[in-house]
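The next block holds one structure in the form of structure tokens; read it before the comments.
Per-chain numbering from 1; labels A, B and C assigned in written order.
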């Protein structure tokens, strides 16, 4: 198996917004989990990361907002840039980086606070407490997450009283409250029922008008449905990266073909 | 697997025996607890119930009873089989313990009488007839008096002997006498106390001036003159108030009641010595219940008398409460902060593991060791330094350099801090990782995530730790004996006198009170009901403190409810 | 809940309608060219065939893409299946129109004028009505209309057979114009085929609507 990432065909037809470049490698302690990654992610599109468990797709996603920093003993080579600015730039504080990047997790994880306080959390920690501003952000975020009509009358009730799908959309609303440039989604629908999944997918489709979205998913149908571009990873390597139609209809790599057609392994 | 187990499991369903075994363990535990609580409840509450007073008739030639063979009146405190000293052919005989009161007349309040010394009825049972019209008096000194009222003599010379009028006059006089007591106590404690503290500060000023100006010059200085005038004015006020108080006292002293004891002699009791009277054999059931509740209230709200064997235990309840509260205030932040560092910030490794094991082992150190440490470190080192720095003018009288409620609370806080640390660590680690990640992904710093998300979410678990700490702290006695508990504290650690909270004061504690009553009391028979009642109250206090913490915890849980927990 | 990709399904459906309209239009132009001896209409009919072929390819491609990326089920997957089959039928109908037009052109270039002894006009009117109704039934999801179309095929078959007999007999009697007669027989046959495709389309609409 020759492992030259076949990304060149997908390059150059867009202006990259997030760039994973200079052969990005990543280690947990002495275990290397990402190998020689080079990947350009377009602005205001949905890019899906697919691949079997342990292929490194979540690690790569979490590298983008440096969430991996929480783990001890990590190191990397290569670089990741967002709008041409390196995320590893020593003058850039990781906190301000994360303010530019919203993140939605696999298991919906609203804070044990009211719906309102969940959304304004990122503003409050930044010391922005003006009521009119907060109110406005809450309404905008909830409308953006297609949740406003459902919860506008109970903003001050506990977020944990909502349904699973609503909680995940609340997490999305929380992620966009700070007006980020990028939204990272780590298997956002894996804990949701099909209806809620459908709603979240609709939401992703709407959000890409304003945000650059990177989504990790185990569900290939979901990747096919929501993404514009898809990257297939296997064993820490980027196998193929192309527009979603090509990945699913005529992948150029045998492994991709086998994976998307379910013949893998 | 050993062979025997094979044959065992083939006969019965697997694990059945173990289920029974575990169930049995639980039942034994519950039975023990119920038994213990039952004993405490029965003995503790019976102290407040007005017992019927019987006339005890002794057989001819008996030498038993308070007056060597004379009939007497008393309540049955105990009936038991007598432990026979010598082998007799009589078999087992019973003996009775009677509460006869009148310690001043009989020397002791409880008397053992063998059953065969008591006149029996037709069926051979001891004959007890309720003593009609007997009066039970609660006194400040010498315990209760039992007897038949004969006359009341008032200070103005009136004498009342007619039974009905006497009854009415008795209760009225007790009421008036108690009012007088209240009045002159107020005068002596509050007003005179205030004058005294003013005089004291004047004296200190005078001394300071004399030292500053020199003995001779000071006498003529205007400041001293002014101070002397003030002193004289205060002295005049004092004399006036003291006279008023003395008059009231005198009046109380002169009112008196003449009582005929069941053994025949007559005794005159001054009303200043009487706090309450009741006719136990003439009370209806609701009357008894009312009396019972009133007694409980008095027990909880009054100060002890007679070397703690009489009166209430309010200072002990209050002391325990204040100490437990102070301990909670100290242990909570201390334990939580330590746990946060241990769990969230410290690099997990050998050292942290060692620290954690040490903390857990601290919980197993005998509490008296903490007492010794508290005495050595808090009282002598810390307290001593504070005295030198801030209260040097009072030396050699120690302020903080002696045991007090602050040092006791801190000692107990130190003792219970492992419990809080362990519980807090558990609670912190139970907060889902996703919640922290979400906070960090929102751009929070680590401290912000802990402070705004992790801590509130783990509050119920932290409170559980506090509940355990409180339960342990409130019931602890041994270390307290070294760092501030006393048998009798003259004043409460919290009162209306500036600065209201007196952390340096010694205090009373229910646990120590129990020990004191049970083992240090001069009359152990008299103290026994008090021991049980005090134990009961200590248990109730711990339950109340725990229940309030549990209520707060449940409230928090409801607030943070959801399937993420 | 309507998903954003359901729009793609509607696009496929409207393309299907469009290819139907075009096939019908091409057939009408071809037959009119034959009846009116109008070379221009004939040429127009020939040209439309390419558009129809392109549309079929588009529909096929969109259908495969929809199946691959949207994992459709139930009525959605039937619609895709029908779209593939119906676009094929309609493309074939377009082909028949193309062949009518080419034969008419041959006749016109050779004779200058079509001499038609048989019932082409009525037959084609029947066939195109069937086709139009089939497309309408797809558009309106009208089950009754689609079911009615199937019976109407018999009449077209009968006329075709008559035409064949008439022309065959004429060819046996007079020995002048046999090549025009052969071409007319083929044109008649093509119209009959168009009616067959209309019937197929109706059957597919029935499948789409009932799943049977």
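Everything that follows uses one rule, which is that a contact is a pair of C-beta atoms (placed from the backbone, for glycine too) under 8 Å apart; a residue touches a chain by one contact, two chains touch by 3 or more.
These numbers come from a predicted model, not from an experiment.
Participant: Any chance you could name the chains that touch chain A and chain C both?
Facilitator: none
Participant: Comparing chain centres built from Cα atoms against the global Cα centre, which chain wins on proximity?
Facilitator: It is chain A that sits nearest the middle.
Participant: Just curious, how far off is chain C from chain A if you go by their C-alpha centres, in Å?
Facilitator: Computed value for the inter-centroid distance: 50 Å.
Participant: If you average the CA atoms of chain A and of chain B, how many Å lie between those two points?
Facilitator: 63
Participant: Taking each chain's centre as the mean position of its Cα atoms, how many Å separate chain B from chain C?
Facilitator: Going by mean C-alpha positions, chain B sits 105 Å from chain C.
Participant: Show which residues of chain C lie in contact with chain A when the two form their complex.
Facilitator: Those residues of chain C that touch chain A are 1, 3-5, 64-65, 68-71.
Participant: Which positions of chain A touch chain C when the two form their complex?
Facilitator: It comes out as residues 195, 198-199, 201-202, 205, 221, 224-225, 244-245, 248-249.
Participant: Touching residues of chain A toward chain B in the complex: what are they?
Facilitator: So the residues of chain A touching chain B come out as 65, 67, 70, 72, 95-96, 98-99, 101-103, 105-107, 109-113, 121-122, 124-126, 158-161, 171, 174-175, 178.
Participant: Note which residues of chain B are touching chain A in the complex, please.
Facilitator: 347, 432, 434-435, 437-445, 448, 452-453, 456-457, 559-565
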